[in-house]
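In this document, chain identifiers A, B, C, D, E and F correspond to the written order of the chains, with residue numbering beginning at 1 in each.
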């Protein structure tokens, strides 16, 4: 089977156990994750061979990150070695009415000093069926954004569908450029965009428009504005997230295929074990769905994947294909399988 | 006081901590439990002397299991030693919309090779006031089922009330017999049966009938079908479980005494700490209730015990008599006792 | 800035991890806390310099308790050394419908043998702007109650506002006196009293009156009865707690300033991580609010602080000023800050 | 088989994990132990039925201690309930050149308020073959010492051999009496005394004499002084401990039967896991040996038991009869048994 | 580079943490290991591509074992799926004078029911440079031994060097055959045999001869007896292990190439973290050494690898090539690398 | 009492628990430490008020580091806030023949961008009696070295003794200067230098000379070379470390006062719990000794402090004054204090 290729950063996440706050922690739980790797893990779990492209430092921690890629069965042959350090982020998990806190410590990471020409995208895409990247990578450094551009152009030229998760992080974008300076050129090759409309307008340099996801008609109009700027675009989707509190989320989704809006009812996710990476789980589910299912089923599958991720510790979704299908089909009873 | 006697398997349960999934676990939490032992622990906690009969291998793990029996104050004098191995099961605890998974690894356990004649039931029942067993033991092996038959006949002849928890496990019953080949003969001596009607009909070889537990009249008709097949039957009860998700259950119960249906309102159990053994907690509560209380109170007590078990880690119910009485009386506030 | 001074006991709290019951615990998590210290930590976290007065034994555990005071940035210069032992309490954390259990082991603690004259209150209050104590200290021993009296008289004479959290604990008060013998004299100097009306009437030796916190008019009448007995009283407040179960609380508050009742809607706190010290968090929030805000805002802030404490492990509130303000302003979404 | 009876306190021991110092500990590991209980566990592990007599408070922690007695298979029928609290001690485990620290928190424990007449010694000793107590119990309170006296007189009158471990703890003996006021009367009924000669002379009110355990002849003379004061004495023994550092001990023993000195070579114990209770392991081994073996074998067995205890976490010796026999026979290779 | 191929069982190892004994354990640490997998991990760590052949059950635990293979970078393409269960063993780690205990629970594991014909050895060996197996696999079942025979014949015919670690386990060999019935035929194709001479004579059905590894001349004579029976044999080696106690080992090695004895001085290994798999680490080091170094260097490397394994938790050796080379060259100072 | 002032970096140290290697770690234990802070903690533990000067980032992790300073009772009033990130280092603890590994991740830490003029040294030194810094700070960045120069000039002008621990770290010194370019100017104001002679010659740009610490006469000659370059120098000392392996060290020391060599015998440190910071413990002990004792006693105290640190987890020495005095006086028996 041809492969999905994802490109982005792999980070070490350090978080106090049991929802402790930072000053209470005598230890930090260590996980390796990152948006595009998380998508890759989802796809591999669903049976889609997936290749993850990144750059890791040539030290022991870089090797640990690489071992995690291997363990999950994700293709690791195109991971570059080099750069100064592994990116790190510290996560204080919230609970109930208390929000989570994130402290990024990812400046000067290996991927931030990646340069155009380092990756042979043509070769990587030879046996590829899909390319996925996200706005986080473009936010890290000018050269990382330039490598994103190399990648989307190469994929576009080779006729490979491209998905992008907009993933706006205001604490990044520190290298002197704003999203609107960088993202329009990158997004215009997209086949699938994941993100809410506000973020899309912001990244494309458009005025804010406050979409109402209940209003199908006006929604279509807004989506069409994005479709006009991205001539290859076939789908734009978004997660709908109603945050009751840090432990209780209501999750749904919307998908537009240029003609029709698909939507789902909100699913209760309570209690949340780990919310990080739930958007990536949605993305992974959506790519799988678009490869294997019709539009409504694809969206239902993505929402179910996103919900399940909330119940799983760590950055990526370990739910199996069966578990996602069961929830997508409406069974959320959580009955013991025995 | 005369003793309750329970008979069944005692297993080592291994489960990843903190609701981790199996591939995330670097350690498994170890608990010793099993349906009929769990019932025994409940009864001892309520002040009823109880004797547990099983067979454990003559090795260090078998001794650990035996120590657990002792620690809980359950009678251990009639535990046989022998056989090849301690039965094991692996439990991946679910959370929210994610279900738990169970992997049984109990083939060739000590109790599976137990043989008729190994246990002197007449002697054990001399100071007994009750005998409890379950359908799980009959499902393990032909010889284990034969020992169940020895036991129920001995108890019946000595006039000792017999309770059976149907406990159907489709992953067991691998020795070439189906429940309908084995269970009718075993169940016909029962004084109390716990289980839903569908399972009872299935085990008795009857057609499926889809009971509606809200419809008292038709329910009575269905129960009477069971009563006809089990001439000693005085009570049949069932747990009513409405599974919102793995962390949120609504629990109630129904009890029929051959004349009247008793029922309870559903109680919210949220959040669930550990659902395993909650049926055994119901059974333990019901036996206690039938020994000490009127029918409605017995059912209320059983439901409260079942609810409390969901909040307690491990296989058996550590809630005290006071804690169960308080919840049975309607106080679920969880206020700190200080 | 002038300091808040709090006076009370600092205890070692020992609790089984992960809501285990006592017989399951192979380890107890160790926290140092106590009502008046907890109030001090809250205030320091909000930027108010606070001085904690207590007595700790001159041994290694006493030093550990002192280190905790230092770590939290609370003033420790007036902690006396002496006495036999550090007070201890064992906490079995409940979950869902299962309540928590507390076993006090604080008899003969260092503070129980404190004597009048040991503390130079006049000196301590020289740069003080507020004094806080609670009914727990008066419940420990006759001499501890006498030191409370020294303190409130000194504060009163020096014109320093005095707050008291009534904090009735029936398991204490073992030295031959009842609250009504001791508390009226102590409470009459109060500027602020925290506690429900029933407790206040009980401690003042008044008949029980069953206040209805929904009935503003009758409530005012009842509050005025307290105000009459405590001529310096400016505020009386109470936490409103609707306990769905141990994991789910609904929290609000009422404040009366001698003229008007202020109240808040109930906030859902679900899931509760650790309920202990949530009243102290309310008290800390209320003192901060009364120093910095108008009455309604002060109450809102106190309720938000109380809610957040429920999500934080340990005895005291580690929520930052920003976190409390955000929740007080109505944002309970628990969104990740990144 | 007739039973050994031991009498003493059962404590909760709280120790930081992994040899952390107290200020580093966020949790304390919880063990239940005490010298005379530890002896009982050893004997049960060797197949000798043993009955432990103590007094435990009627609360949840008292029940946990009782469960530990049950789990270990030690007789618990004669444990009294009552008193205020469970005795506690805090242990900071040393390592290498760093010594361990103990903080006793056992004042006012349940056993300290035990009174003569509470225990029916005549009944307990009816099926006893041996009685063991220690100097620690006599050190706790006047009334506890009085109960020791009751016990040794009853045992003596019934012809039951009595062993005493001198176990001098300078931090106890706080009730206004010195060992020399109490111990001579208690010791004079002894059949076996365990302790070094200096301690024995001190407890008997004799002058200090500095025994040299290498000098057999002078040693005999010194031992005979003790034998003269204790007319029933048949054996006096002592552990020889050469402490290289907290992690490395050299252990041997000496035994005198009134005629001859028996001794062993020193065994290297490196690394030490937990030194606490190693004297009790020696005592347990010696009682077993004196019941089952000749004098030299008894001593070898006691020394081997003592050595093995150092490698086992907690207060009591979990080494099996086989493990002790193997080491006593000279095999210290620690080879994997598989 | 051509690959090394190893064939054997992959087990789940469950061991109490911190050298606790089984009855103290509330959790078991989980590791996946097995002799021939351990050898594969060593080789991959030294840069030799290695392919591991085994059979794992088609369940979640089987998948976890497979993930471990992937994580370590070992080739997993020839792992069969099928059979009933994953083999398990329970390990109680010793310390000092206390030995470790192993409880095997591997009967009816996936590999025990492997059948000749299931593995296409010819294909697997196409790009192989070495084949490694061990006596443990032949001990599991008749059919597993038959598959070993298939493998060695195929390797022999294709001219691939074959190494065998004799690895006698008396608790296995339960299927009605003794080593002498099975091993001579299997061993005769060997290029390298690892094991002590006594074991080799026992497995080959020869009389016991008590080799003295210090006596070079008589040793040569004994080795030549083995060489005569195994016409392809080029090397026979053995680990020399002087067990001071479970925490302190002295490790050396002997290697014979048909002409000359190579030997090393004993190295002190103190303290031992985990002794399991140290023989496999020797084997892995020896294969690497024979592929890359001269005979004496190969032996030194194998001994150093074996020593380092003792300091590493788990079944396999995580020491890097640099770490082994450094120790092989004589630097055992353990200085911090910074 | 006047204060000691120390200046340097405070880092977050992350290390796998239980001597696991990095790829085995699911969590990292978190400690805050750094050479000059470690010296400060030692001094405070011995009763010397000490002020720590550093720069921490204005984020949550910076606050956690600050809390650690407070907890230990070290003066924190002169800690600057600013810069980008908290320096981090990852430590893989060795065991036995396996060395520890350190991965520095401290580039761009808060202190690396400190600038001359940010710290008011004159004010800080007003109530100071000693200033301590180390070569690590000069190795971080040009501006950090410049701040060191400010500090030593200010201290020198105010007549405050200055100690420097040379602490050469080859992985630092990355800003384009070598030690010999920077250190001679910094060292020339020193009153006390700690470090071996080779390092001193290297840092002063002198040729290598291979000192033999056993040869007192030639040693004096070599020390005098350093004394000539540092006109204020009164003492130069060094730790003597004989590394048997990572778990077994032999520690001694040498001190020269310009006239006479003082030395100690080597002390066995076995088993090592945590070697990091043992040099800082020596330094802290030496400063204390030079302030309070004669030269030989000062050295003995420093060596004892260094030895004890090896038995204590974390970066700094928690041994009390009593513990160090006891070991310095020759008692290394590690007997339980009870």
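Here, contacts are C-beta pairs under 8 Å (C-beta built on N, C-alpha and C of every residue); 3 or more make two chains touch, one makes a residue touch a chain.
Quick caveat: nothing in here was measured; it's all calculated off a predicted structure.
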Query - Common touching chains of chain E and chain C - result: A, B, D, F
Report task. For copies chain E and chain F, work out whether under half or over half of the interface numbers are shared, and give different or same accordingly. Result -> different
Report task. Round to the nearest whole Å and give the separation of the Cα centres of chain A and chain B. Result -> 45
Query - Of all residues in chain A, the ones touching two or more other chains - result: 18, 23-24, 26, 67, 71, 101, 271
Query - Complex interface listing, chain B residues touching chain D - result: 67-68, 70-73
Requested in this report: Please name which positions on chain C make contact with chain D in the complex.
Outcome: 14, 17, 22-23, 25-30, 59-61, 63-64, 67, 84-86, 88, 90, 92, 101, 103, 105, 107-108
**Report entry** Contacting residues of chain D [partner chain E, same complex]
**Finding:** 18, 71, 267-273, 307-308, 310-314, 318-319, 323, 326-327, 332-338
Query - Of chain E, residues touching chain D in the complex - result: 18-21, 23-24, 94-102, 104, 169, 171, 243-248, 271, 275-276
